[in-house]
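Dropping a structure here in structure tokens format, bear with me for questions.
Residue numbering begins at 1 within each chain, and the chains themselves are lettered A, B, C, D, E and F in the order written.
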Amino acid sequence: MKLALADHLIVAPVLLPLAASALMLLFDERQRKAKSFVSLLTVLALLAVALILFQRVVSAGFDGGPAASAYHLGNWPAPFGIVLVVDWLSGLMLLVTSILAVTSLVYSLSRWERAGPRFHALFLLQLMGLNGAFLTGDIFNLFVFFEVLLAASYGLLLHGSGPARVKAGLHYVSINIMTSLLFLIGAGMIYGVTGTLNMADLALRIPLVQGADLALLQSGIAVLGVAFLVKAGMWPLGFWLPATYAAAVPPVAALFAILSKVGIYALMRVYLLLFGGKVGWTANFGEEWLLYGGLATMAFGTIGLLAARTLSRLAGYSVIVSSGTLLASLGVGQGAVLAGALFYLVSSTLGLSAFYLLLELIERRDTDPGVRAVVEPVFEDEDTDALEEGESEVGVVIPVTIAILGGGFLFCALLLAGMPPLSGFVAKFAIMHGVMGLGRDISAAAWTLVALLIISGLATIVATSRAGIDLIWTPSDRPQPVLRLWEAIPVGLLLLICLGLMIFAGPVMRYMERTGRSLQDRDGYIHAVLPAESMAHRESQP
Amino acid sequence: MKRWIPYPLLAASLLLMWVLLTQSPSIGQLVLGSAVALLATWAMTALRPERVKIRSLRPVMRLVGIVIIDIVRSNIAVARIILLPPRNRISDFVSLPLDLRDPHGLAVLALIITATPGTMWIHFDRTKETLLVHVLDLVDREAWIELIKGRYEALLLEIFDQ
Amino acid sequence: MEAVLAIAIGVLTASGVWLILRPRTFQVIIGLSLVSYAVNLFIYAMGRLRVDAPALTGAEQAGAASLSDPVPQALVLTAIVISFAMTALMLVVLLAARGLTGTDHVDGEDGE
Amino acid sequence: MWAILLLPFAGSLAAALLPTTSRNAAALLAGAIALLCVGSLAMLYPAVAGGDAIRSELEWMPAFGLDLLIRLDGLTWVFAFLVLAIGFLVVLYARYYMATEDPVPRFFSFLLAFMGSMLGLVLSGNLIQLVFFWELTSLFSFLLIGYWHHNESARSGARIALLVTAAGGMCLLVGVLLIGRIVGSYDLDAVLAAADRIKGSALYLPALIFILIGAFTKSAQFPFHFWLPHAMGAPTPVSAYLHSATMVKAGIFVLIRLWPVLAGTDAWYLIVTTTGLATLLVGAWAAIFQQDLKGLLAYSTISHLGLITLLLGLGSPLAAVAAIFHTLNHATFKASLFMAVGIVDHETGTRDLRRLSGLYRFMPFTATLAMVAAAAMAGVPLLNGFLSKEMFLAEALENHRGTIIDEALPFIATTALALSVLYSVRFIHQGFFGPAPTGLPREPHEAPFWMRLPVEVLVLACLVVGIMPSVTIGPFLHMAVESVLGDATPRYSLAIWHGFTRPLALSVAALIFGGVGYAIFRDRLNAFTAVPLMGRLKGRRSFEVVLALIVSGARRLLALTGTGKLQPQLRLLVIIACLAGLLPFLRYGYEPGDRPGVLVDPGFALIWLVGCLCAIGAAWQAKFHRYAALILMAGAGLASCVSFVWLSAPDLALTQLLVEGVTTVLLLLGLRWLPQRHPEMLPRTRRLSPYRLRRGFDLGIAIAAGAGIALLSYAVMTRPLPNSIAGFFLENAYPGGGGKNVVNVILVDFRAFDTLGEITVLATVGLTVFSLLRRFRPAVESVRAPEQQRVQNAFDDRSEGREVGDTRADYLAIPRIIMQWLSPVILVFAVYLLVRGHDLPGGGFAAGVTMTLALLLQYMAFGTRGVEARLRVRPMSWVGLGLLIAVATGAGAWLFGYPFLTSAFGYADILVIGKVPLASALLFDVGVFLVVIGATALILTVLAHQSIRTPLTRPRSDAEPEAGEL
Amino acid sequence: MTTLMLALAITAAQILLGLAMLCTAYRILTGPRAQDRVLALDTFYVNAMLLLLTFGVQTGRTVYFEAALIIALLGFVGTVALAKFLMRGEVIE
Amino acid sequence: MIQAPDLPLWAAIIVAFLIFSGAAMTLIGSIGLLRLRTFYERVHAPTLGTSFGTLLICLASVVCFSVLRSRPSVHEILIVVFITLTAPVSFMLLGRAALYRDRIEGNPEVPPQAQ
């Protein structure tokens, strides 16, 4: 099958960062300017590609056409070759990723890229991993991209070195290696029982598994699910998350905001695709685990929010709460919640990212010189690329620094707490509307979800108001934080997008609803991936 | 010639190795093998090995023959030592002075001594020019020294230029 | 054969898991390696066992069904590479942790 | 209409952007906007007066039944008018109240935003929208209360207000969602039309409770009232605005708005009446003991809010009318009182009743105004407060439900009103009469005209309404009442004189009791520093204690439910994974399949006997004998390599064998930086039982995990193979992929994308390792050269004729020759593996690792410096190049219009050589090859480089003389 | 018959090699010294290589040859590193 | 798996003999690893496997595949060559390291280093 040039765009989100980072490896380590430039260019191109792909999904999907389109790598037919699929969900995730990429990168350019070597290559590889994970339609390829994104995240987490990062890194690496092994076990068993790795093909084959094979298949899927849940940070598998995110340098943590969502994405993708059929045993498989796990995660995150002593921990537990909310929303098993959950996903990801960018600016005043000493060169041959040297530290001191920081903080807090005027409120409303709006009775679990949504929002207010008042309102003799324009702009941009999400909640929600529906009605995806005759063939089987 | 094929013997051996590996002496493989062998020899020049100074290749066959015989003999001897019940056997280190200086010659000697069961090259002290060998069944210290110096070193001295 | 391999996988896993649960970083890295061995064998086993049937075809196609399943093998190859990479990474991180925290305890603090 | 809503927000934004010094501009802007809005609202009056609601809709989230909807009816109009008119007066007042150096644009910005939110709230025609603005009022009130955030009281007051009201807002949201669920719409008109459905629904009670919590928190009803007095840290204009017409009235507004659909049930009656009653009493009781004028007003506000709530709770239409009326009256007199107190504070520098006295002679105008307003608050005839109070008393005397509340209501009402009289009298008498004050922070004098003007306007309103109610407030009240009650609007009269009625009697009694009470207790009241009976129940303290408890509880709970340690996390992970894998078998049972097994080979079994022994040994030794554990691990690895060969997976065996070698070297490289561990280092306490218990438990987990995975694999292996995708690969590898080695064709063609990802992982890890080791800080003990080197170098140094390093040179002299000559051999072998990989076991990865091993041998033989003096080792570039080749090969397919990684192969007929198979996949494999060499070499050499780096802190002490024989 | 004889001989050889590996395993496990373990590991590698060769003869396939060749050519890399670590305290100086 | 390639009797006998004796030789070497007393004695034992064991089994392979394919198959010689080149390197390095370790511990069985 010959393709037009534009059709190859689907693979660009993976190849572009890969090629750019490969190119950077050929550069000398000192050519920072050039690397920053290439990096920025790549990220902007990624944003453009994501927008185009998104636009395609939107225009095709809302016209009633097939929103999902598949790219058969190597020109091998599915389910044999690997496919990349852009559909409602992956298009959205790509877009969110590239937005975060742009903001985090711009933010890092003013300072953080210099905290260690090879930042840009790692950053781009991280993007490649994320994009690949969102695009792939193959379960083992998903593993590979998980590894790519994890490998890059290890590098980025450790960027800047220092005891806190290294210790967090050790935990993060150990847990994730173990998790990857679980992923392999799960994926292996799924292949062992079904004989395929393509997700669409699996969706067709899984309902046909019968008898004693069922236990094996479910066992494999459950193990795989555990792997996803670790990434998503579900209680009690997500204790690593706040510490890890807190240790990372701000632009990295800001990009990591999407990392925990990869686990959620994988759950949505795999579980809804494989078990969305509502046929036989696949109906509602594992739902209650997601639900109760999600609720427990929300509760744990809430406790953490209240207990957090630093802003970065607070943000970490917000990530947990957000994960828990999404898991529980997935678990309540009501389609109407999906749209709200997706909206929430986008909104909370952007909000958390902004929060991570911001909190360092706020806490910057407390920079402890002792911390820096540890990461100073140890050996004589280090080249002098430490944070301060060479470049002027005098930024554009905006006279209203505090006002901007305070305002930004306030908006982030509101966003995370689910208060107006930003999109957090709409997201929370949409989830609650979904949870309460359906079914004959509101189940106890639904009530709990609502209660936890409220309580976690309150806890966010309690915690952020305490921290915000301490850091911004309380007079102190700390020096005025130095805020650079290019650090403020990304935060503002993210918040602006959240405001936009709120204002244009109608169309956005329409998209989310279509996304939610497409996840439940899997045919669009399967049709896009598998050739028609194989569908027909499979469907004719008992 | 020297410039293009710095180590003709090496190149030839590598080509032979290629043919053995591919198990097909077709022209195609020969050409490819030659190319690879050349590539490898060039790579070798980059490593700048010490020059191999060979005086004569004639004693090589004799050396090989001796070594094979010794290996067979000592294999049996060592097997007996292992299998038979322990007797009063002395195994000890033997230190002997060497006249061989050429590193490649020494390397071959080391290979021979170590590959032969029952003797073991431990250490060559270049300052004192003495070799330390461990012998499993040391009946007669002098006999062993004579064996090494007379049987192997002498031949090697003939082969390698000093 | 199946039983032997299953037991082998089990023993490797058990040893590895036991090490992973130990408090010293080096134990953890050895444990992860052992579990990786086990997982590689496990994935391989998902294609069922076949002796003397490597997945080599050719113009003179043997019956495809009689060959061993190449898919898990390809997956294991990828997994081997990745687990090697992860071992390297883990090692370096543990060295860094050892240097920065002054102990090889996984939590950076001594005392069991 | 949208303009009315948007203007304040736009103004807020504009004010925020003004320079901090432009107080006049900001005030002018705020005032103009308020006036403009009042004007527009007035123009809408005729349309509303007709009794119909004006609706204006903007699509927002139609899918959720959520559209932006402005709905203007009588009630809304009146409330909006209050918000805007009092807002205007507050702006005027604030202009003169706020200090010159205060950066007021921010203040006016918040004030305008608050005004907008409040307007949005009352104008909402949609319940969700209402909640939206409701939360915004919480937010902006927080900012306003905390405006003087350098004061601790302002900060904590703001935070308390925020927490309480935001929490209430979230409850309100739930309640509203429930209403939406019952009604099927959030549209206010739809909701109001569905009164019966709501009251009959099973969800009525939860909805009611949630909505009431929301309303009560906002309107400072007992027991949520405590935030209000603490909000007094706000600038007085803010208090005047928030606590008269706006913030606290939001709750009342919601109660009134939803009165038709929620009121009239027993639950409503019981909850609302009781709460109102309690609030009425508590507020009034606390107010009389206040020494701070603003505190007095705050509690009086609480009390009056309780009164209104009580009225609404009664459920009768007349009571509702009274409630609405009193809401309006309270807004006017309370706003003016706050402003008057503000003037007093402003001009004297204190608000302490005990210090103030005789101010009348200094500020007669203000005093008069305050007196009139206080009289209105006390319910003195000819003032507006009197009218609504009479209505209240009349309702109090009515029998509503025949409960005990009904019986007691007249007495309680009278008592509360008497208290109200008492604190009003106390306020006026103590503040404005008596001897001249002494020791005030400032010399008191009359306030400027413009500052008094707002008070005068409000007081005038009190008077006019009080004297001529039906002419002035009548139509508006009627309009508001009708919009709420509709057809149920009762007949009521706004006359000043209804004759000698029972309510009048109670009213008079209250006035007398209040006056007498003040006369008796005035001095004693001044002595109180806390409110008797309620003193212990300090709202803020207990709130903060509760918060602190929550936080410390959360910390304890967090420690209990979470962990920062790695072992417990891994333990949990393993346990959960085991359980997850196990659960399905509990349901379906475990049974091995019936596929005929492969006969056991003794060699294979023995290999694994050894392998298992090694694995267990590694587990046993890893703690103290790292080196031994490493060897044991390699043994186990070798067993799996051999079994891959045995089980027809030669590619895996090759790869794993090669990786084994590299891994061993890698771990050894690392081991150099890990200081020794000895069993002696263990303290004896390790033998304690919890430690053993944990080990036992871990052993159990390990065995369970092992057994579990063994059983799983056995079950799968004994089952017949499903109809898998493998068949396609086996059939198409040669015809479609041009390779006979199916595994390799999968790797470089069918699933080349996996391989691309995999080499990316390798490259990324290389980068990470590189980055991390650039700042490597070795453990203190291992900075020095290893002990062996120190000893050997010392020996060399000591010995005659030897130089430092000779031992090493001697050691490696012979092996290094062999290792060097082997490198071209290994290179040829690597190329062989690469070239043949497509048809036979091998491939780019195996070839790459082989090359790395050759390189490693050189490094081991010649040392880092030795090798790098000879070779240009630039692994980073190799990685980059390899990745680019792989990507470019894949992208080459685009030129032909095929997807990425589409392979091409053919047979090139080259002269002499004959047919040579060429596949683009081979080029891809070359990329893999390069990346693998680059990345593995990068990792290993970067590690190796650590040894030759010179630490900044400590000179390298190779030649350190140390005792020891060699 | 011929085949059976050969098969039995090969299997017997494999068993012998397996037993040889068991011997090496004993040394790997018990040492006593580090050098004993290394030596035993090296021997284990050689034994495994020979086992692979017998397997190749048994199956009549040459595809397993490269695995044996890798052990022969590169199996010693690990041993060299281990030995050098013992002698010098670090693998690459 | 009891199987073997289909060889003529003479070849089968040769192969069987070579393979069995090679394995036996190797086993003897490994037994030596068990039985011999000191490390320096034990270090001799594996050479049985690397020399005779390998040689015999490779010869078996040569015979087997040459007969099977009816053309000379001598690539096994590479294994013999490689193992002969590489095994001594390991043993030498290991032996010297052991010597150092024994000397540093003052083991009387090893000769002291001459200054």
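Points worth noting:
Quick note on the criterion: contacts are C-beta pairs under 8 Å (C-beta built on N, C-alpha and C of every residue); 3 or more make two chains touch, one makes a residue touch a chain.
Remember, it's a predicted structure, so these values are computed and weren't measured experimentally.
When each chain is reduced to the average of its Cα atoms, D sits farthest from subunit E.
Relative to the C-alpha centre of subunit F, the farthest chain centre belongs to D. Between the chain pairs E-F and C-E, more C-beta pairs are in contact across E-F. For the pair subunit D and subunit F, the distance between mean C-alpha positions equals 67 Å. If each chain is reduced to the centroid of its CA atoms, subunit A and subunit E end up 48 Å from each other.
Between subunit C and subunit D, the centres computed from C-alpha atoms are 39 Å apart.
For the pair subunit D and subunit E, the distance between mean C-alpha positions equals 59 Å. Chain contacts: subunit C has residues 20, 28, 42, 45-47, 51-52, 54, 56, 71, 78, 82, 85-86, 89, 93-94, 96, 100, 106-107 touching two or more partner chains. Residue positions of subunit D with contacts to 2 or more other chains are 564, 566, 570, 574, 598-599, 601, 605, 630, 646, 650, 671, 709, 712, 716, 719, 721, 724-726, 729, 750-751, 754, 758, 761, 764-765, 768, 772, 776-778, 788, 792, 799, 811, 814-815, 818-819, 822, 825, 829, 840-841, 943.
Residue positions of subunit F with contacts to 2 or more other chains are 1-3, 29, 31, 43, 45, 50, 73, 75, 78, 82, 85-89, 91-93, 96, 100. On subunit D, the positions that touch subunit F within their shared complex are 598-599, 601, 788, 791-792, 795, 798-800, 811, 814-815, 818-819, 822, 825, 964-966.
Every residue of subunit D that touches subunit C in the complex is listed here, in rising order: 564-567, 570-571, 574, 595, 597-601, 604-605, 608, 611-612, 615-616, 618-619, 622-623, 626, 629-630, 633, 636-637, 639-640, 643-644, 646-652, 655-656, 659, 662-663, 666-667, 670-671, 673-675, 677, 686, 691, 698-699, 701-703, 705-707, 709-714, 716-719, 721, 724-727, 729-731, 733-734, 740-743, 746-747, 750-751, 754-755, 758-759, 761-762, 764-765, 768-769, 772-773, 776-780, 839-841, 845, 932, 935-936, 939, 943. Here subunit A touches subunit C in the complex through residues 140, 144, 147, 151, 154, 158, 161-163, 166-167, 169-171, 173-174, 177-178, 180-181, 184-185, 187-189, 191-192, 197, 374, going by the rule given at the top. For subunit B in complex with subunit F, the touching residues are 17, 20-21, 23, 71-72, 75, 78-79, 81-83, 91, 93, 95, 110-111, 114-123, 125, 128, 132, 134, 136. Residue ranges on subunit E touching subunit C, taken from their complex, read 59, 61, 63.
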